[in-house]
Each structure stands twice: as C-alpha cells, then as structure tokens.
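Structure incoming, see below.
Read from first to last, the chains carry the letters A, B, C and D; within each, the first residue is number 1.
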Amino acid sequence: MMLSIENLNAYYGQAHVLKDVSINVNKGEVVVMLGPNGHGKSTLLKSLCGMVDKKQGKISYKDQDIIKFSSEKIVNLGITYIAENRELFPYMSVMENLKLGAYSKNARKYEKENLEKVFTLFPRLAQRKKQYASTMSGGEAKMLAIARGLMSNADFLAIDEPALGLQPNLRLEVARIIKEINNQGKTILVVEQNIPQITDLADKLYVLEEGHITFEGNKDDALSNDHLKEIFLGM
Amino acid sequence: MQAKSMIKILAVIYGIIGILPIFVSDSSIMMRILTMILIWSVVASCWDLIMGYAGIFSFGQVAFYVIGAYSSAILSVSLNVPPVVAVLMAGIITAIIGVLVGLPCLKLAGPYIALVTFAFQLALEPFLKGPLGKAIGSGGSRGIISVPPIEIFGISFSSSNLVPFFYLTLIMTLVCSVIIVVILKSHWGTAFLALKDSEDFAASLGVSAFKYKLLVFGVTSFITGLFGALYVHYVGILSTRMLSMEVFTVLLIMIVVGGIGQYPGVVLGAVVTVTMNELLRPMGIYRLLIMGGMVVIIVLLLPDGVTGLFKKLSFFRSAGKREQVQ
Amino acid sequence: MLIEILDVIISGLLNGSVYALMAIGLALVYGVTKAFNFAYGSFYTMGGYFAWVFLVPLNLPGGYYTVFLTAIPFLFVVGFFLEKLLVAPLRKRSDWQMKAMMLTLGLSLFLDIGYIAMFGPRLKSLPDIVEGTLDIGPLVFMKQDLVIFILSISGLLCFAWILNNTRVGMAVQAVAQNPIGAQIVGIPKDRVFAATFAISTIMVGIGGILLSQKNFVNPQASTGIMIKAWVITAFGGMGSIKGSLYAALIIGMLEAFVGYYLGMIHIDIAVLTLLLITLAFRPQGLMGRE
Amino acid sequence: MKKIGLMSLIVATLMVMGSWAIAADTIKVGCAFSLTGDYAGSGDNYFKGVEMAVEELNAAGGLLGKQLEIVMFDNQDFAPEVVMQGADYLMDQKKVAVVVAGWAGAGADVRAYGKYDVPAFLDDGSQASVDVYKEDPEKYRNAYFMTPVAAAQGSSVFNVLQALPYDYPNKKVVLINTDDAWGGEIGAVMAKRFKEIGWEVALHEIVPYGTNEWGPILTKVRRIKPAVIHFEIAASQEPITFVRQFLKRPTNTIISLGWSITPLEVVGTLGKKADGVMGDMPAGMPVPQAPTVEAQAWLDKYKKRYKHDLGVGSFVTYTSFMAWAEAAKASGDAYDFKAVNKHLKTVAYKGLMGDISWGENNTLHPQPGAPMTHYQVQNGELVTLFTDPAVTPYKDNKFIKPRWIK
C-alpha cells in the first residue's frame, strides 16, 4: 500500500475540520474524493502535503509516518499538491514556473526529461514559454499548475478540483490528461465531482461529509447508493 | 467585551485616578503624571480604535495630535481666539485634515495606509519649520513658546495650577471615553469587527468599508486633536520636536502593553507606561533601553498585552471554579 | 555653469547609489516576508560599530578587508536569528504584520540606546577607506565617494544577478510572489524568510560601514536611515527592487538639485511632497504591485 | 476584580515616587544635559565641568558641611516638553538646590526653570531666550545665561575676522547656519555687520541639522570664491563633514566654524587636516596656555582627569557652578534660593581668570573672568588668537594663513 491515512484530525484555528479520517491509496490507483464544499476535502489534501499545522493521526507513505514532515520534505518524498486555485507565480514566465516546479532535490536531476514530458503533454505551454503566468487564461493557468506539479517528479499527485470553473471542453481535456498521467504510472488522489469521466477512472471513491468519511467503495457501490448517485455523480 | 464591563473597568481606572489628587494634590509632579496619564490614555485609545478595531494600519496618530496642538496654539496666539474656543476649533480642524488624509488612503490595503499616513507625519515637521509653516504662524523651528492657558469663568487651567486642569482633563477624558465605548458598541463597532474579519463578508452585510473607516478616522482625529490642543495650552510651549519618534514609540508601547484591539486595555496600558516612564527616569538612558526590551518581550509573550493576561487568568479561574462544581 | 550642473548631478548620483543600497534591503524584506522592519536603521549603526571595534580598539590587521570579510557573516547570522527568534513566531497570528511592526520598533529603540550604553553618546570616526581626491579636468572626486559608489553599485548588481539567475534567488522571488505556491513546489518558506531578513541586514550593515567611514558612527543615525530607506521604498513601490533602485536615484538627484537651486532647507519638504503626491495617485508607488 | 488589585498596586508605586522627593542630608545638584541625541557631545563637555567642581568641593568636605550629589536628567534634543519635564523632575521631584542645564533650547528652558526659584544656569543667550526672560525679569531671576546674547557673539566674531593680520582677496562672505534661534541670530547679525562695511553676502544658506552632504553648497562656494565662510551649526558632525568636503577642492577662503569648533570631535577627528580653521567659544578659556596660574593648574588637572583636551564648554559650567557654590556658602543655606539669587546677582565671583558677574538680562556678557575666546586650529589643536572684551591678541599666538590659501 502506497499511502494510508489513519484517524487523521486536522484543525483550522478553532475549527475541527477533519475528524478521524482514514483512507488508503494503492500504487497506480486513481482515488476520487467526493463531498460537499467546505467539508474538508482540500484540508485533507493539504494536511497530506504538510500544509496544515494543527493535526494529529498517522499518515504513512511508503511505510514511513510523514505527519510531522515539513512540506518541502514531503515534496522531496514525491508527493505533490496541485492547488484548486493554481497558486502559480504570477510575475514569472511559464518556463520559470516550471523550473521552480522542479525545485526539490529529487526533482532536479530529472528536470530536463520532465520538461520534455510536460511539453508533449501540454503543447500549448510549449508555445507560451515566455508568457507571464498572470496573463494566462484560466484554462491555461490550470494546465500550467498541473504541469508544474508534474515537474516535481512526484509519483503521488494530490489534485484539488482540477476542473473548477473550466468550460466543458477543457474539463474533458483535464480528464484526458489525468488519465494520461495515471497511465504513466503516477498514483493520483483527486478531489473532483463535476466530471463523470474522472469518476469513471476511479479505482476507489471516498465521500467526506462534515469531516467524516461517510462512504468508501468503487463506482458500482457508489451507483447502487441512491443518495450519492444524485448528489455527487449527478446521474 | 460587553459594554457594561468596559464601562465598569473604565469607571474603576478613572475613578481611582480621579480621587488620587485628594492625597497627592500637593506634589505637582504627581499631578503632572496623573494628567499625562489621562491625556495619553485617550490619544492611545483613539489609535487603538483605528488600528485594533477599524483595522486601519494608520501611523498618523502623532501627526494628528500635533496638528491639534499647533492649530489651537496658532489660533490663540496669532489670532487671539480665546483658548476654550481654540481648543474646539483645533479638534474640528484636525478632524477635517483627518478626513482629507483618509480620503485618498482608506481605499488602500493595510501597509499602504501605513505608508501614506506615516509619510504625512514625516512631511509635517519640514512643513511647520519651513516658510509655509512660518507663514501660518508655526514659529518655525523655534516653535511657539508662549501659548496662553485655557480660562473658563476666570479660572485659568494651566501647568501652574494643576488640580483644576487635571479635573478639566478628567471630564474631557470621561466624555471621550464614553464616545469611544458608544462607537465600539454601536452598529459601527459591529461593522468594524465585521470589516476586520473580512471586507467581502462585511460588504455582504451591506457595510461600506470606506464610509465607516472615514467616519472613525474623522472622529478619532477630532478627539486626538482636541487633546493635542488641551496639552499645548497646558505646557504653554510647542515645537515640532513633539513629532519625535519617541512620542510615536511611547504611544505604541501603551497599545502593546494594553493589548491591541482590547479596549479598554489600552487605558491600563497608558497608566502602566506613563508610570514606568517616570519610575525609570532616574536610570537615565537605560529607561528607553528597558522600554524597548519590554515591547519586544510583551509582543512575543503577551500578544494581547495585560488584557490578554487577565483573560487567561480569569479563564483559568473560571475553569478552576468549574472543576470545583463538578 | 555646465561644470556646476555636472557637479550637482554627480553628487546626486553619489547619494542615489548609497540610498539604493540602503533602500533595496528594506524593499526586499517587505517584498518577501511582508514584514515592516522598523529596526532596519539600527543594523546600519550596527555595521558602523562593528567596523569601529575592529579598526580602532582592536586595530586588527588587514583593515577594511578583514572588516568586510567578517562583517558579512556576522550580519547574516544576526539577521537570520533575529527573524527566527522574533519575527517568525508572530506569523501564526492574523494581525502579525502589525505585531511585527511593533516588535521591530521596540527592537530598534533597544538597539539604538544599547549602542549609547555600550559605546557612549559621542560620535566615533573610522579611518578613511582611501585618502585623497581624483581630478578629472575641472571635476574633483573624493576617492572615498568613488569607492562607495563602486562598491554599492557592484553590490547591487551582484545582488540582482543572484536574484534572477540562481536557484536560491528564484526561490526568494517565488516566496515573494506566492508563499503558498512556493510551499507547494517544496521551497522551505521559513528558511527563505530568515535568509532574506539576513541578506537585508547585510546590505544595510555594509552600507553602514561605507557611510560611517565617510561620516561617522553615530548612535542616533538609525532613525534617519530607516526613514530615508522607508521613504524610498514607499516611493519606488513596496517590495519592488527595481522600483527602489529608480526611486533611490531619483531622490538622490532631487535632493542635489533642490539643494542647489532652492537651498538645503527645502530638501526634506521637496522629497516628502514628491512622495505624498506619488502615493496619492499611485499608492503602490512607482513600480509596486497592488 | 484583578484589575482593581493592579490599579491599587500602581497607585502605591505612584505614592512611593511622591515620597522619594524629600530626602536631604546631601545637597542635590541637577544636571540637565543632552545625554542622547545630536548634542550629546556638548552635553558631555558641560557635564565634565560640573563633575570637576563637585568632586573638588566634596573632596574639601562638601558645601556647608554637606556632600554634593549629582542628579542627571537627559535633555535629549531640547524638545520644549522634555525641557519642561526636566525642570519639574529636578526642581520639584528631586528638590535640587541648583541646576546646570547646558545648551537647552531657546526660551523653553527659561520658562521651564523660571517656574521655580532654584538657580538655573543655561547656556543659551539667544535673543529668543532673553525675550522670554524680559517678559518678567522678577519671575525669571533664577535663570542665568552662561553666554552673551547671540548678537554680541556674532559681532565679536565679525570684529575678529576684521582684525586678522590678513588681506582678503575680495569682499565676499558666505554664511551658513541652522534654522534654530542661536544659528539664525548669529547669521543675521554677521550679515548685517558685513553689509555695513560694504561686503557682499554672496550666499546665506540655512541648513537643517543632520546635513552631511555639502555638494550643492560647495558647488556654489566654488563659483563665488568668497573670502570668508562663517559656519554656525551647534553640533559636531556637520562641521566635520563640511570641512572635509570643502578641503576636497578648497577656495582661497578663511573658514570660521563659530561655536561648532568646540565639540571635541571636531578637532579630534579632523586633526591636522583642520589646521587654519577658525572658531570661537562664548565664555571660554584660552588654550593651550591659560592666562593665569590658577587657570593653568585647573587646565592641567582637567587633562589629567579626563585624558583629553579641554572640552571648551567645561570651563563655563565649572565657573558658574563655583559661583553658585560661593553664593550658597555666603547665604548659609543652599536652599535659601532668595538669598542665593540675590548674592549671585549682586556679588561678583572671583573665577580662575578674574571676576565674573551676570549683567543685563542675566547674560554673561564678555568679561575678563569669562572672555569670549577665538581659536584657530594649529597642529591639530585649538590655539587662542584673541579674547574679547576688546578684541585683544592673546599672548603671542600668531594667526597662521591656512595652507589651502594660495
């Protein structure tokens, strides 16, 4: 098992956001996290990536407990967070953003080949190397965010709402890319509920409500659960 | 904090200060300290209202204090306006200037407000010393060295008869403190808190950030100017050195000690700071050394100043009680 | 006549170059850590006293070489740990910017008076870094000024180069532009904060050494320097390195010309009027970003 | 209510402070000098004078059988408010018997100390101060200026510049002074005097304190090529930077630094570089050779005690303090201020160099006991060329033509 989170509790200030959350992700899987907004999905990903200070529990990745690790250490271990609102470097070019994506030690060695990979995956970015991130359209920025994540040479990607606020055609693009990445052997934990195509990829689904995991299972189980069916899968 | 408990605490503090003269009226140094405590407590409170509640990152407070002082001094010296009137006019002038300063900068993000207001304070000294200042009667770098005392019904309130002046100040202090409490507890107060949490949220409540900030800026400038004026008629002497960094720092120390956004903590802060300042005087330059170190330590260990400390204590107390109950 | 104008321009340039060195450190700290460092000027004085202790009482061999070689690491350590110990702990709070401002203000008071307590109130003068003057036709330069000019400009250039061409420099910029983004790509944010604080301490400290050997080590200097640097950064745009560089040169020139044509007494008011007008129309300063 | 507890604690502390006030088996001596800030240098000079006097008296068994105890107050940079605090602190809270406040801010000091009867020696006879004094000489009778009025000072400098054995290449003068009372008045009177004898005041520049970049002014100076520059800034770094930058490309000009020559740093820092620079001290002591045996003895003692040349301000504070001590002795009680003031006003004190007495408006007009002293820097130390009253050459010291004058 690649990642297993056990009884994770996380807090924002006073608010107790995650309550005894436990999930498992196996190598090469795509795991989709569902749930209403503001119920802790992003917090889960952030705590996994060492970006939440107040938390207890156990996060074991490749058999070591990383809950106390700093974010840079975690990135170096090969877990990368791709933020819902991109978090790019607005006054840097696409190229610089990508280069910084490969900041962590284990990524540096592979910077060149990862660049090639990324550009084949996102030909659009290859054409816009010199452009400032702040001047890009929402879609392109999203692509850049994902691309920057890939530059970190991570084998575990935690992707937060990749299709949020994109037009339908771009959403399909995102789905395609995620599939592609997964085929390249990356393990993916993604928070996304607007794209059936992604849910289709899912080896496993979790539902997070009010900080609790309220459902765990594959797509068929989910479909057989009417409650989920209508709310999250929109079918 | 509830309005009631605010009033209660203020009543206690000012009550004690108010009766002290009965014991110490013969020692003028004591009277002076008490008077300065009152003046600073109000000026600091205004700053706390701006920074701590309205969340305006303003560095202009000292400037407004000095503007009040100069307006009143110039009015009463060059234009022979009776001081009582001059003081009020000074308040109004300061309020107007406050609003004028507020207009451009209150739309800005925090640090930028700091920039503009601080730049304003910096510009004030060369202005008052320069030809323009001299033209309006600032006396240039020599300052104004004979400002007449306030006189009401033939009683003159000046540094030569301290007790009356003290009570005059006390009355004004009480009035202004009430105003401040009212502001804090009025619709405005809640609006400020909303603004502090998040401007968007406040906007969604239909609170116009700008309008309220401008209002509070105006009111605090008025009060500050009023006390600046009061002070200048008290010392009878005035120069641009009043704009020194030390005044700025000491005011800030009061807020730090009292706890920012913890009204009426800042009043307590003023009491403690002024007293310490006097107690440490015999130590010469080490006084400021200690003050400086104190700020660093308090900010690090007591982010909410003495008020925070009290809260903690009372929390533990009540916690203790609860245990006993069980 | 022409010569005089040249003279004025030169003294403008000389001032400007030094101001740049002063201001850019402050701009950097604000840009990256978003912290208002009121104690900035006190590190200027610290530099001066550091040099004085080495050159006068200890009178170490190697003169200014030793001083610079030792001052840089010394100032780095001082800056780094001050950030770690005093500023970093505040960051958890929502109103930490205000707290940081208050804390550094207290710190500056502490340091400045500390200098007086340690070294006494009198000015200390340092040996000249170079003696004599250099005549180019009708123009005369103090070699001192030239050294200061060259050192501060080259210092700035190498700083700019580091910022734009090294991994560390990019990391610093990344944190400045988007701390969370930086965290995502695995940049050790907190260490960068401390490092920038340290770098700025070095810049202002070295500036302190350079200027103190021309003028004096003066325990009172810090407020003036803080305000000057602060005015320049505000004018150039908080956190904008380029902006501060231009601002420094503009203000240096302005001072020289106002001093020459209107008289020294009008310099301050001129500078501050310029600042206020600029801020009124462009609150983010010349090149600042909203 | 915890707060009540703390409040009463504060009250208690306040009370304690009040009670400190009276505690006298020593005679308290108030020193209100600038210990921090730009004028700290002059403050140091003044203080050493008082310190020596006190040590001397205490060694001789004190004054009226009581030891003297110095109480310090930091006048910082003479913000009127601060000066006011100082007066109240020393005279009201500390109950000192005398205050020596060096240079203490144009008029504010007279007001502050005038509220009390404690004799106060102030080193600032600027017209501003004297005007305040004149408002109510009775009330302010306890304020003694340790200088003549600025105007007298300025004229004296002018006379000396005219008396120099040196032919000026032209009749152009440049005046540089600060925008405070003292500097302003000196500048004004010298401008007047020079115009009277048909000189041209080619440049009269007013500069703020803290000016260290003289480029713009020197550029003008180099065009004007004046015969004289008089520079009156009562602090130490401005004159040093000015001289340094002037010497970078000097013109054939006599440099007169006025009072600014007196802070030790100036000659100390410039050393031989400053040779030829002129300057003056109101109520100073001629150096290196003192005029009288006593004075010479005192001078040697001073140098031995402090291991540096005479900080010129020290002499006047020493003398004034001794004058007070004698007055106190004469009146039998240091705290009988009426008597002490009366004595000070009426009976001259025999100082190291002769009688001194406070004249019109309590200023220390030029007199043999406290002459206005005019120096030139020679071999990196101050050498007295003239003393005023009656601008008279001092001993056989000769004016040396500055080396930069071709």
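To be clear about the criterion, contacts are C-beta pairs under 8 Å (C-beta built on N, C-alpha and C of every residue); 3 or more make two chains touch, one makes a residue touch a chain.
Everything numeric in this text was worked out from a predicted model, so none of it was measured.
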Required steps from subunit A to subunit B (each step between touching chains, minimum): 2
Chain pair, A-C or C-D, that carries the greater number of C-beta contacts: C-D
Chain whose Cα centroid lies nearest the overall Cα centroid: C
Between subunit D and subunit A, distance of the C-alpha-averaged centres to the nearest whole Å: 75
Rounded Å distance between subunit A and subunit C, as computed from the means of their C-alpha atoms: 42
Chain centre separation in whole Å, for subunit D relative to subunit B (CA means): 37
Numbers and ranges of subunit B residues touching at least 2 other chains: 126, 285, 288
For subunit A, residues contacting two or more additional chains: none
Subunit D: positions in contact with at least two other chains: 35-36, 179, 208
Chains grouped in pairs wherever the two touch, ordered by label: A-C, B-C, B-D, C-D
In the complex, subunit D residues that touch subunit C: 35-38, 40-41, 43-44, 179, 205-208, 210-213, 215-217, 219-220, 222-223, 236-237, 240-241, 245, 248-249, 264-265, 268-269
Residues of subunit B that touch subunit C when the two form their complex: 51, 57, 104-105, 108-112, 114-116, 118-120, 122-123, 125-127, 130, 245, 248-249, 252-253, 255-256, 260-261, 285-286, 288-289, 291-296, 299-300, 303
For the subunit B and subunit D complex, residues of the former touching the latter: 9, 12-13, 16, 20, 23-24, 27-30, 32-34, 126, 129, 140-143, 145-146, 159-160, 235-239, 241-242, 244, 246, 268, 271-272, 275, 278-279, 281-282, 284-285, 288, 306, 310, 313-314
Residue ranges of subunit C touching subunit D (in the complex, touch as defined): 4, 7-8, 10-11, 14-15, 113, 116, 121-123, 125, 133, 140, 142, 215-216, 218-220, 224, 255-257, 259-260, 263-265, 267-268
Subunit A - residues contacting subunit C, complex: 49, 51, 53, 70-72, 74-76, 80-83, 87-92, 96, 99-101, 103-104, 107, 148-149, 151-152
